Amino acid sequence: MTHPLARLAFAGVLAVLGFLLPRLLGGSSLVYDTLVAIAIFSAMSYGLDVILSDLGEISLVHTAFFATGAYAAAILTVTYGFSAWTALAGAVLAALALALVLGVITLRTREFAFSLVTYAAAVVCMNVASNWDFLGGSDGIVGIPPLDLSIGGIELTAGRSAEFWPFAYLLLLLTLYVVHRFRRSRLGQAALMVHMNPRLATMCGLDGNRIRLQVFLLSAVISAAAGWLYAFQRAYVGTDLFDTYFLVLMLTGVILAGRRILLGPLLGTALLLSQKSFASLGAYGDKLVLGVVLVGVLCLCPKGLASLWPRRRAAAVTDAPANTNPANTNKARFPSPVWERGQG
Amino acid sequence: GLIATPLVPRPTWARDPIAADPIKVGVIIPLSGGAGRQGQDVSHAVQSMATLINEAGGVLGRPVEILVKDDESTPAIGVAKANELAAAGVAVVLEGWNSPVTLAMQSVLARAGILDITMISKADAILASASNPLAIRLNSANAQDAAIIAKYLGSLSKKARIVFVTENDAYGNGAQQGIEAEFKKAGLDYTIAQTLKFPFAQTDFRVEITSIRDARPDYVISINANEGAGLPAFLQQYAQANVGAPVICTVGTVSPSVIETAGKAANGLHSADIYFPQTEPFASDPENKRFVAQMQKQFKAEPDKFMALGAASLQIWAKAVATAGSLDRKAVAGAIRGQEIPGTIFGTVRFDASGQMQHRHFVFTVKDGKIVVES
Amino acid sequence: MSARLEIADLRVAYGRAEAVAVDRLVVEPGTLSGIIGANGAGKSTLINAVANWSRAEPRVAGSVRLDGEELTGLSAEARVARGVQLVPEGRGVFLGLSVEENLTAVASAGSGRRAWSVADVYALFPRLRERRANLAGSLSGGERQMLAVGRALRMAPKLLLLDEPSIGLAPLLVSTLLSTIRDLVDDGLTVLLVEQNVHAAAEVTDVLHLIERGRLVAGGPVAVMRDDPRIVEAYLGANHG
Amino acid sequence: MNVAQQLVNGIVIGHAYALVAVGWTLLLGAARLVNFGHGQMYMIGAFVAWWVMAATGLPYWLAVVAAVLLGAALGAVMQRLFLRLTLSQDLVNLMIVTLGFGQALEGAAGLAFGPKPQTLASPFQEMSVHLGPVWFTVQDAILVGATILVFALLYLALHRSWLGAAVRMVAEDPRLTALGGFKVSRIYMGIFAFEGAAVAFAAALVAPRTPILTSMGFDQVVMTFVVVVLGGIGSVLGSYVAGLGIGLFTALFGALVSPAYTTAAVFALLIAAMVLRPGQLAASGSFAR
Amino acid sequence: MARLSSRADAPVLEVRGLTVRFGAFQALADVSWQVSAGKILGIIGPNGAGKSTCFMAATNMVAHTGTLWLDGEDASARPAHDLPRAGLRRTFQQNAFFGGMTVLENMEAALLDARPSPLAEAVFLPWREARRRRTIAERARTHLLAYHVPESTHGLLPGELSYGTQRMLSIALAAAPGARAVLLDEPAAGLGGPDMIALRSLLERMRDSGLAVVLIEHHMDLVMAIADEVVVLDLGRMIARGRPAEIQADARVREAYLGRAA
């Protein structure tokens, strides 16, 4: 399947099959509910995936972008009565603004320092949300109207899950497409370069800080779009959107199947949510299973479940820079000397 | 490949609906985590009540079957569970410990056309929300609660220094506002010496307690709904610091489990609540006696207020169905909202037009680890 | 008396690709043996296997004996304790420790062997004494190389494995280092040296082995090997150009 | 404001933060591992101590010993599980694997101990000391003393013995450390076991103050996070100072502004610190310096 | 051998008065040199003399004083990441790659004049992106082959290459099309025999194709054979500068650096 047209056709068939999936699975409302949740949450996870896989950092503030999308949708529709389209634009802009501020602050750090500072940012964001009446305080915002994306004469509305499916599915496809294209774009390549060897990337003409910020913005937009749709689906937003629940879901979804695999986060999220919906062992049992699976997967096959598959090609991206190369390991281990950070 | 993989087995509920003779009733409440213990108690109470109802011939001649789901105190999971129950074809969902979880589930249930009765969650938005025009709630509202605290304090003294220790969220801030408004209404000349706000999850209160000592209050009003950890911790640390001023806890926050966890530190606190199994008028109420006996028999437990609310919600729904003669959501809600329903474990209860059940409050104090009702 | 190092049927593979297949290699005590070969021939792989050390995870099979004692199955640190000391290619120092700490922070040597003192090392490389308080991370490439060799000597090796120690060293230092190693050998140390600088290596070694595509293709006393056409053509000739 | 009392509060809170953080600090410095399961390990420590007292009736101090032993065992299990990832310094996966480990612990504890809140009853928690305007419990005093002791011992171990250099060596390059004749997995074993034992010890000393729940993990140690980072990653002395500092900040901020916003304020402080000196905080272990 | 750099052909790269301090330590003091297109400048000196630091300063990767001139323009204030675009590229003393990318992908990443589509084009005009990608891969492949990185290794990760091949790869990355001046930090380190010969012819080819090459080396045979001019550093100072033959004859250089090896 090397011919691009053949690949395109295959992707098309897959997309159509995906759309029909709920019907193939019996079309019950539970199937629709679960699949809508899978679509929305995996779209959310792709935001983090871009950061984790391509930039090589663990952002713990991504729930805030998801929440920003949802809150923007809620406030614009409930408080100001705008349409869902406006809300989408608002969600994207709000996420961009927040990501810009947070990115400028947090992206100066790397590795676990970055994770820690993004966690701190998430705590502060959550505190703001639960104390600011404009955002509904700790009770959140209720009464979000059903999704209405009608344009002109074409009626596009959704209330129940089955009606949400086309929208959620479309969002997922769009996300997949954008992430796929991103990985083949200049920015995607630059992200990898900056991640793998900042010093060499500088010598290839890249401004590391700018690239990192751009990727951060992109990922925020992806997560925010998912949050926007989630707000309509749930009709309620609250501070729980900042919870570790979503964070763990994102991280696990991304990690489970393996990094830099296009369908990875989707698969991971689907696995997790289906287990919760169809084979739950109770809250404690689920936690135990999730934990054991995570530890097992990462300790036994650090490259994710997909690495158990026959290898696709040599360039499976690991995070640890090829350790045989001393220069690269230096980079991963040491406080960056001045020259590694560039001077701009 | 992935999408074609049949991950999902053919669900069991897709069977022929004729076979589903019992009426399914969903219960969504935390069964794990900080509120897990109370949630489990509530689900037991609902089950006891279902046994009683089924022994008495069921609802519309059909037995009631209870399906319990754990919301893990997480709205997203609550929503998923609500969807599961909707798919399972429940006639009603009894839910709610945490307000955000209730608020998140409301719209999902309303869209699915399922009647939704809130047992415990207190947020005002639950009854005001456009998402669920047929909202019903059993637990008392903040406004009702505030009046009784003011009245009780007024009976103790007309002039006093008060310190509030308030959880910093919608419930806590709302409750404090309500109480202060009631003070004004009752013309009580109280000095609010200090208001100490703390985050819900806090368990170490030494900083607040030091501030309380400094403020030399006559009374301390605690607004802390963290029954699992926060409130007992506060009571223990407060007792130890020998501050002296009596603590008044807001309505409904002092459940027997709080007293059990706090141990002797709970002695001397004052609070009010809406239900006590062994106190009049409940003690002699035949419905309540049957319920208390059933709890004893089935779960070897004495019901508390939360359990009573859980059981009552099922009982009230059953009575409303009988009145309406159908399971239809609107009809059943109509038989509850704005109506009076006799013969419940709370006696004859009245719902206002917004769906809020009206309560009588009883002030109590704790002596030797036991609740002693004062009025 | 058995040989200091005896390798038999050694096979090392990365994934499916076999990088080294050596049937037999013997190093006598008190000698300096050199391994030479083109880039990618498997020199590093071979001597890493002797120390059972690698940054990658190669599969190693075969027998390695030190003074007749079978080392197979022993971890790298166990081999260090028995006197096998490797200075790996590229970098053998801790950049986050000071020069002096790098020299002091080594496990105590096995019994019965004389370890070099820090002062001995400074005497060998005076430049290091000047920079003793600096972090190794701020050393120049050549200074790091000196430190790595000094660090290895602190462990009182019986068999010292050096992977291209002259990389990055100034010419003056290369000859100093190599002649120092020669002196150490004359004092009884046994050294296996991987060296690209065949010219320099041929001056000090007793024995030379030529490795090509993972196999030893020639080996013998340096006087003989010097005239071996394969070596003259590919290695010695080049440096005259 | 009763300044003296608030200072005492701050000192006690601060020492609790520092003691809870000490294992994590060492782990982060030496294995470069951000342990998101730290909170759950704290919870396990507290529950084990409680269970020993409740089930066997052993005295409190023996329960502390039991908790410490089990904590060390838990650390050892972690080391076994994570060894490969630690050796290859796969930092992203390491961070996430600890998250999973914490989830598994919480799930298992939930199944074993249920959702009911429990009280770890220390006899010293009941004894109060009133000195003029200030008071504290004997438990508080023990906590402060024990914290100072643990920090002093760790400091000495890292600065007066080969351990400090060994720890910095594995932190930088575990593979190369083997060539120095050190058994790397054993050094890791020590570090992980210390993390487990230290957090269990902290739990057994701190937890008697409040009811314990199997779900309390992260809430209880969230400040630890800040201590570890602000102290300068991997710095023992730094985390003691940071713990104490944040404790005092908590007390004074709570007394002067509002306890409601203490967490947010501390985290904002953390962000500010990281923005102002990112290099410092990203620095590798600063043991012995 | 080529002529000395004359005033006629203007230097591509010139540094004047480079000075670098690390705290109290003066690593580089007032060093100046220049190199023109089609010329090779050798920098030699004992270990720790400041040669690599000189490269760091010349690429604005370390705080320093002194000026940098690219094609006669003052580039001192330009950030490090701006210089490659202006044609200044370098290698590092220790091999540096994008560890998780294949050799071919590394090369693609280093091509500055042929880069993947911007995000918007990749999203909205995917076919153009695909065309571009094919061109880039082809160029990268050809370039690698020209720099003695055999096709069989193109699918491997850099860490899986032997040290010598890694060095060739890092030179190939630095000398990507579009480069005008290339700074090579000890390219011959770890090379020997046939590889050394290959490297030498490679350097000559680079020079002949019009690149300005600056070479830090300890291999005197190589430097003396191909450099047009040699600069000698010691303790951060420039102690000599001239044609290879002059340098070899310089007593100070012999004492400080070459020893009996010369």
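The letters A, B, C, D and E name the chains in turn, as written, and every chain counts its residues from 1.
Following the convention adopted for this analysis, a contact is a pair of C-beta atoms (placed from the backbone, for glycine too) under 8 Å apart; a residue touches a chain by one contact, two chains touch by 3 or more.
By chain, UniProt protein names: A, D = Branched-chain amino acid ABC transporter permease; C = ABC transporter ATP-binding protein; E = ATP-binding cassette domain-containing protein.
Just so we're clear, the structure is a prediction, and the values are computed from it rather than from any experiment.
*Asks:* If you walk from chain to touching chain, how few steps can bring you from chain B to chain C?
*Replies:* The fewest steps needed to get from chain B to chain C is 2.
*Asks:* Quick check: more C-beta contact pairs at C-D or at B-D?
*Replies:* Between B-D and C-D, contacts are more numerous in B-D.
*Asks:* Using Cα averages as centroids, what's the distance between chain A and chain B in whole Å?
*Replies:* Between these chains, centre-to-centre, one finds 36 Å.
*Asks:* Using mean CA coordinates as chain centres, what's the gap between chain D and chain E in Å?
*Replies:* About 49 Å separates the centre of chain D from that of chain E.
*Asks:* Roughly how far is chain B from chain E, centre to centre by C-alpha average, rounded to an integer in Å?
*Replies:* 74
*Asks:* Return the distance between the CA-based centres of chain C and chain E, expressed in whole Å.
*Replies:* 29
*Asks:* Quick one: which residues in chain D touch 2 or more of the other chains?
*Replies:* Only 110, 172-173, 175, 260, 263, 284 qualify.
*Asks:* At least two other chains touched by the same residue of chain E: list those residues.
*Replies:* In chain E, the residues touching two or more other chains are 94-95, 159-160.
*Asks:* For chain A, what residues touch not just one other chain but two or more?
*Replies:* 131, 283-284, 318-320, 323-324, 326-327, 329-330, 333-334
*Asks:* Taking the touch rule as given, give the residues of chain D at its contact with chain A in the complex, in rising order.
*Replies:* It is residues 28, 32, 34, 81-82, 84-85, 88-93, 95-97, 99-108, 110-111, 172-173, 175, 218, 222, 225-226, 228-229, 233, 260-261, 263-264, 267-268, 270-271, 274-275, 278-279, 281-284 of chain D that touch chain A.
*Asks:* Mind listing the chain B positions that touch chain D in their complex?
*Replies:* Where chain B meets chain D, its residues are 31-37, 39-40, 168, 196-199, 201-204, 206-208, 210-211, 213-214, 228-229, 232-233, 236-237, 240-242, 257, 261, 263.
*Asks:* For chain A, which residues count as touching chain E in their complex?
*Replies:* 4, 177-178, 181-182, 184-189, 192-193, 196-197, 199-208, 218, 313-315, 317-328, 330-331, 337-340, 342-344
*Asks:* Under the stated contact criterion, what part of chain E meets chain C in this complex?
*Replies:* Touching chain C from chain E are residues 22, 45-49, 51-52, 93-95, 159-165, 167, 186, 189-197, 200, 218, 220-221, 225, 257-262.
*Asks:* Under the definition above, what is the set of chain B residues touching chain A in their complex?
*Replies:* Result: residues 2-4, 6-11, 13-14, 31-33, 36, 70, 72, 74-77, 79-80, 83-84, 86-87, 99-101, 103-104, 106-108, 111-112, 123, 125, 128-131, 168-171, 173, 200 of chain B touch chain A.
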